[in-house]
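Read from first to last, the chains carry the letters A, B, C and D; within each, the first residue is number 1.
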Amino acid sequence: MTVLVDHETRVVVQGITGHQGTTHTRQMKAFGTQVVAGVTPGKGGSEVEGVPVFDSVRDAVARTRANASCIFVPAPYAKDALVEAVDAGVRLCTVVTEHIPFHDMLVMYHYAKAQGTRIIGPNCPGIAAPGKAKVGIIPNLVFRPGRVGVISRSGTLTYEIVNGIKEHGLGQSTCIGLGGDPVVGTSFVDALPLFEQDPETDLLVMVGEIGGTAEEDGADYLKHHFSKPVVAYIAGRSAPPGKRMGHAGAIITRGRGTAETKVAALEAAGARVARFPYEVPDLVAQLLAERGRR
Amino acid sequence: MTVLVDHETRVVVQGITGHQGTTHTRQMKAFGTQVVAGVTPGKGGSEVEGVPVFDSVRDAVARTRANASCIFVPAPYAKDALVEAVDAGVRLCTVVTEHIPFHDMLVMYHYAKAQGTRIIGPNCPGIAAPGKAKVGIIPNLVFRPGRVGVISRSGTLTYEIVNGIKEHGLGQSTCIGLGGDPVVGTSFVDALPLFEQDPETDLLVMVGEIGGTAEEDGADYLKHHFSKPVVAYIAGRSAPPGKRMGHAGAIITRGRGTAETKVAALEAAGARVARFPYEVPDLVAQLLAERGRR
Amino acid sequence: MVKLAEWRGKDVFRKYGIPLPRGAVARSADEAENLVRSGRVPLPCVVKAQVLAGGRGKGGAVKFASTPEEARTAAAAILGLEFKGENVKELLLEEKLALGRELYVAVTLDRALRLPILIASAHGGVEIESVDDAEIDRQPVHPFPGLTNFEKRRAARALGLSGGPAKALDRLLDALWGAFQVEDAELVEINPLAVVGDGLVALDAKVIIEDDAAFRHPEYAEIRDDRTPLEEIAREKEIAFVQLDGNIGVIANGAGLTMATLDVLKEFGGAPGVFLDLGGTDDPKKVTEAFLLMAQAKPKAVFLNIFGGVTRCDTVANGLVAAMQQVPPSDRFPLVARIRGNNEKEGTEILRAAGVVAVPSLKESAQAAVAAARGTP
Amino acid sequence: MVKLAEWRGKDVFRKYGIPLPRGAVARSADEAENLVRSGRVPLPCVVKAQVLAGGRGKGGAVKFASTPEEARTAAAAILGLEFKGENVKELLLEEKLALGRELYVAVTLDRALRLPILIASAHGGVEIESVDDAEIDRQPVHPFPGLTNFEKRRAARALGLSGGPAKALDRLLDALWGAFQVEDAELVEINPLAVVGDGLVALDAKVIIEDDAAFRHPEYAEIRDDRTPLEEIAREKEIAFVQLDGNIGVIANGAGLTMATLDVLKEFGGAPGVFLDLGGTDDPKKVTEAFLLMAQAKPKAVFLNIFGGVTRCDTVANGLVAAMQQVPPSDRFPLVARIRGNNEKEGTEILRAAGVVAVPSLKESAQAAVAAARGTP
């Protein structure tokens, strides 16, 4: 494994018979992922996209040795679905579901952590390692195997930037979309060490947003523990304080979590910060070239 | 450190101003333990047995670098006291308090585990390493430094047996009283690896009781992972099924957890099982002598 | 532990919304008849002795009635029965339902896992101990996330339920889990849980409340169905009291030491009777209290085995000698005392000086106690 | 998020047993006077505008009254005020208490810790943002053990409370914690919390309920104090709606992409107005709905920026062209569309064929949108 997923990753899709579950099972398989099982209570015994469906994650794991889960079940049932995966021994769960109450997510996060399961998300595009595996919903078309790592709090903006990297003729090692909710299972600080240790990543792209202090905390980690070049972009420079910009994470309150503080922290940590998404690929190419020259 | 406590152990006594807290602070100090702090809310700033008292464990840890706690607070407040110690960063907690509702103990156990804190007890005599440190209430007089490890589910029966070992001219490396409640923080299975790895322990004495299957589980561990000689004793051979023998742990229900099944499991695992407490020291001496001859 | 009688257990279940047959409690044949006549209990009905032991059906402690007169007759027949040592003083009268399958569900503690477990079996209506292990589904439930949907779905599968009854189970298990947690229960058990039409009904209720949580539950303070006056005193003094068949009273401190004492006494042919466990303490006051309590139990001989940790043995011995004076001559008994620990030599001498057999060795003192009970000193 | 008006927040507090001044809501001067005359609100009393913004005292939205007439006058003066953009339609009348110190307590979420935090400050009665950080005590509270005694003791210390008020705080914090959890709140805040004699009274209430938990709380469904009709439609369609000051309408999918679009528009001198975020989806139906919704907002120009992941761009483009036909000519606006992803070339061509400015580059398309809004194509 390089960063969390690889050829050994065996995915169970929770909520596979829903529209999203089915669509993205197809996409994950097209990506080359081993999607070994689906779960929808009451639909055990059927098949979706050639994948056997089980009534419970426990059954799915017992029969298919699934070791990663991709959760699409509706928000009111997401907490139980996550606990089910954890109890079945699944140690990596991508939660795509949006609108999960943060009170539920608090339980999910601390329960999973206690049992040794990593959550990516919720309300996130998931994780993908081109040429290896994808657990989530990032469009396949933006990827191309390469040596640029990407960690992002955004969804479609991640696609935009990852696609930009591809169109620039570069490729990605692993890309993680953390999700933009107030409480996420994996934050920048949690994800950065994985890329620092990953021999397949030469450079890291961090895509942040206003709201919270995850980028500042990430910058602190960069400063003290990260040796690879970093290109960053922070969305929302022009967003007014106090307004929720789309999802609950992206809000500036009490003067904390502004684009300015994030950009300043990242620059102080040695990252090159793009002012616009379309500047990212150029900066990446430039830093890789500089690195190559050394 | 050999088994959990040593000269580096710095004890904070929660509930130090109570009768038990004060008495055993004196005893622990007499044993040679570094008792660095006490906690009783509202009594911060005072002193007990020469030990400074604080209003909170957080304060106590900040000021004295306490790293182990001995909890004497009454049962209704024990859960909160434990959480307080855990949150203050204490990673070893001996809970002497008896009559803690097991529903509370379930929360205590799983919360402490998630945060990386080991609980010994509740309703237990605690842990002692003669010549090093004691966190708990085992009478000082039964000890003498040596190379016999003791793990016991009992209280006074532990004293009886440990004293017997001393009177036989032998000594103990570390002695842990696990407590006899239905839910304990550290069971035989949890404690055995510590003694297996302890270079100062040559032989282990296991003192069990009827009720539950902790001894059977321990025997299973012995069989597969334990290399040192073991002498065991199981109390309650003549106790009738369905009667609670003193505390909630010691009850035989549904034919499980009888003295017979425990003795059989231990013997099958290679332990020498004494029929009466007073046989233990002889068996210990005999096995040590055999070992010496080899 | 507090075992609740069926009707009290059902009161708990009712509080949490678990469906029950309509019914009411009667303490006399008159009352039973009136409950039926007034329509509070519909006919036909079942009349059940409110005792804690199982096997009531086979034991004649459950009868059926189709008329008020039959209800009276059944009540009269059951009241006053002695059922497995309990006198029947209360009856539960309930409507007799047209039953489908009978299931089993319970929540209790799994000590090894340190988690509550939800137990479900499609084979209800019999003692769960008699059901094959493969037919019993056990699921640990973690108290942090609490009981979850997938656990309830698995239980439904184990019970063979779908549709309406599965939906009813979903609500019922939430209620059962709530009762287990909020009431500080050791066990909440429904056996049988009957499928009635599209729903489920709890035909019996077994609820055991944990003693240690009594401080949170003053409502259970008065329910101590099975306590003798001596047991009551012991409880007040926080001394564990166990009644066995023999004639040697045992006073010891700590459950393990008490049981070991028992084992040794038996080895030498002794028959332990009442025994008192002071817990881990060597508090001389508690030793004295246990001694005086023991005097009331009128044993043939008493074996006192205290391992002194904190207190000095001479202090304990002095307290004991003082207590002996308080026992009226008619109630006196031969005493063998073993006090170990701090200053044990001094303590032993004080006892001997007061005429008490005091031997430091557990083996020898046990032998002495057995001899004393036989009247062969 | 649902911000509750003070009186609704106090209704929540009442449910959990938090002590409050006696009071009632009035929606007219008559009603205000009657509340006082009938004794439902004791005199002297305070009359408070029920608006969501802070700083009511200084803003003339809080008045005092000693007689029913004064209550009427105060009510009449406040009702109809426009306070920071809100029309005052409701008043809360409450008894005026003899106050001691004014404190601050709240529970909210700490995102970085991923734990709720209990916030306490002895400096209540002012905006907490204006209080020095050193004077604010913050404690994470883990939801598994829940709020514990030591946390409550530390809060009492931070608030400088002991004796009766400390005991009152103990109960109050349990209630506040309960409200935070059970109501799925983002924030429960009491500021000021007043020491009144030996007790504590919540003089104000700020409660914010999380939108995502709406499925558990139908009781809050009707309370959406600050929604315009367009916002209401957007909510129903599950489209995030944000109203800014400018004149360029923005439709994008995903919060990050939406904000990035904003940043680029501003860079080129554009002023974004209403913007609609479809969330992470590229569902053509949702694109169409957003487009029609945007038409109602009457923007000067619209910039549509969709990154297509699952759906093909040509499908989205066709849907968009179809939607354009549905907008009445009077409501039409210049449209710049950027659709990236699968089949983007085909999609862009479909749009161009329909007369839409369609540029794949974010930079160029943003420039085009700004130009369109200026009327300089």
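Quick note on the criterion: a residue touches a chain if its C-beta (ideal position, glycine included) is under 8 Å from a C-beta of that chain, and two chains touch if they have at least 3 such contacts.
Since the model is a prediction, treat every value here as computed from it, not as a measurement.
Among the other chains, the CA centroid farthest from that of chain A is the one of C. Of the two chain pairs shown, A-D and A-C, the one joined by more C-beta contacts is A-D. Chain geometry summary: the mean Cα position of chain B and that of chain C are 28 Å apart. Note on chain placement: the centre of chain A and the centre of chain C lie 54 Å apart, centres being C-alpha means. Averaging C-alpha coordinates per chain places the centre of chain A 45 Å away from that of chain B. Touching two or more other chains at once are residues 142, 144 of chain D. Within chain B, the positions touching two or more other chains are listed as 107, 110, 114.
Across the complex, chain C is touched by residues 23-24, 27, 75-76, 98-104, 106-107, 109-110, 123, 125, 137-139, 141, 152-160, 163, 180, 182-183, 207, 209-210, 212-214, 217, 233, 235-240, 243-250, 254, 275-278 of chain B. Residues of chain B that touch chain D in their complex: 41, 55-58, 77, 79-81, 83-84, 87, 107-108, 110-111, 114.
Per the touch definition, chain D reaches chain A in the complex via residues 1, 109, 111-112, 114-116, 129, 142-144, 181, 184, 186, 210-213, 215-216, 240, 242, 244, 252-260, 262-267, 272, 277, 279-280, 282, 307-310, 340-342, 361-363. Within the complex formed with chain B, the residues of chain A that make contact are 110, 113-114.
Chain C makes touch with chain A in their complex at residues 142, 144-145, 148-150, 153-154, 157.
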